[in-house]
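For reference, the structure discussed in these notes is given below.
Order of writing sets the labels: A, B, C and D. Residues in every chain begin at 1.
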Amino acid sequence: MAIFKAETTIKVPFYDNDPMGVVWHGNYVKYLEIARCDTLAKIGYDYMDMKNDGVMYPIAKLDMKYIKPSTFAQNLRMVTVIEELEPSLIIKYEIFDEKGEKIFKGKSMQICVNIETKQSVYVAPQRFKELLNV
Amino acid sequence: MAIFKAETTIKVPFYDNDPMGVVWHGNYVKYLEIARCDTLAKIGYDYMDMKNDGVMYPIAKLDMKYIKPSTFAQNLRMVTVIEELEPSLIIKYEIFDEKGEKIFKGKSMQICVNIETKQSVYVAPQRFKELLNV
Amino acid sequence: MAIFKAETTIKVPFYDNDPMGVVWHGNYVKYLEIARCDTLAKIGYDYMDMKNDGVMYPIAKLDMKYIKPSTFAQNLRMVTVIEELEPSLIIKYEIFDEKGEKIFKGKSMQICVNIETKQSVYVAPQRFKELLNV
Amino acid sequence: MAIFKAETTIKVPFYDNDPMGVVWHGNYVKYLEIARCDTLAKIGYDYMDMKNDGVMYPIAKLDMKYIKPSTFAQNLRMVTVIEELEPSLIIKYEIFDEKGEKIFKGKSMQICVNIETKQSVYVAPQRFKELLNV
């Protein structure tokens, strides 16, 4: 179930392409981070807010499925969906090319960690929850 | 079951670390590719051999699990295991830090694709199989 | 003297920052390429047009001067100026932070190379010159 | 004049190559950092020692000259020469391919900066100088 959904567009830079002429698979991790940061900015709760609340959200798991390749100068549309906030932050990603075809699916799990104690926290910061109405 | 197993060591470069002072999670995809290429070189069947056999092996799926962080200048030991060759190439990866603790687990699935027709091929090239005794 | 001038804005992604909390110096090369590709797109003569004209423009020299650091989520304004088209393509870059302060200066030299013969060509393709009125 | 000279070898990873099938020019900045860190390790004065001495050495200038391309899986030999230690750290780099041909030349200038005051310091830490006999 979607707690929050956002869209982000990026243009594939030249340097992300490999000798096959397509985006090297590892570069999608960057696109996911751009999508995630943009989504958090739209919620109004970014990395700086996390820090101010004494937590950080390191990536614990990342699953990626490559459906079709993308190439230099393509405009990619990324759909980011926050699925769960507690006990861990689960985000799903889909990337579509200019023809509207789905080229990529991904899912990340992030653990809320107390910056000082380095301990996992299974409840999200109050302000994050309020902004998401959960 | 392991068809082939190899070990590769890398030293974490400065530029792979993020503002938290640890390796940014997306950089592990690079380490996996270094491990995979090193493993293929040890088998004696690299990207050039694939090309000569008219195939390529794009990544179709990649799952990563981050257990502990790693930091600048650490020597990481990567254990790469080829688990399946057909119908698709399944490789598992484990990364250990200098204390011998497991910090990362990953799994990739690659599809054998005919370079000319761009069609998936569910059998591996003969020479690849012979080198792996399968 | 400026043959053509364009502006490009980018937002600094998290993964471009190093343990000092600032953009790692090597990542500016990516920003310059984004600025250069955007400038060429505005001229109407991109990498694909070069290819169609049988040439490519590899980087032969790149000089960079780092004035101030930039950090995650900053919007950077890049000013790109094409200074010379022949015998080689000389482009100057300046990057400004959100306060309008200049944080970076760079200069690239690119050689026009015939794709087939791999020989340097000291005259630019006719269409490139026409679009730039030189 | 060379204050210190060291050699470092790297193997070009697949993901550093662009659609032209050669190393993307921006990736050489990474190779220079690997060469610089290896050189400092050989001197016995690395980033951690700098930190312990209360200084850091951000890159202020970087000039690069690309002579020939390099490609996937090539072993590159990098020769790093520390030319000046004061008032700023000047390092020159040359990269040679497997045939012994020079493919790249670079030069970096780093400023010694006091970590706390963020002020430039024009003298190098005593221990750094002793290790280099200057």
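By our rule, contacts are C-beta pairs under 8 Å (C-beta built on N, C-alpha and C of every residue); 3 or more make two chains touch, one makes a residue touch a chain.
A quick note: this is a predicted structure, and the numbers were derived from the prediction, not measured.
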Higher-contact pair (C-beta pairs counted), A-B versus B-D: A-B
Furthest chain, CA centroid comparison against chain B: C
Distance between chain centroids, defined by C-alpha means - chain A, chain D (Å): 34
Distance from the mean Cα position of chain D to that of chain B, given in whole angstrom: 29
Intercentroid distance (Cα basis), chain B paired with chain A, Å: 24
Touching two or more other chains - residue numbers and ranges from chain B: 14-15, 20, 26, 30, 33, 72
Of chain B, residues touching chain D in the complex: 13-15, 30, 33-34, 37, 46-47, 72-73
Of all residues in chain A, those that touch chain B in their complex: 20, 25-26, 29-30, 33, 56, 58-66, 69
Contacting residues of chain C [partner chain B, same complex]: 14-15, 17-21, 24, 26, 72
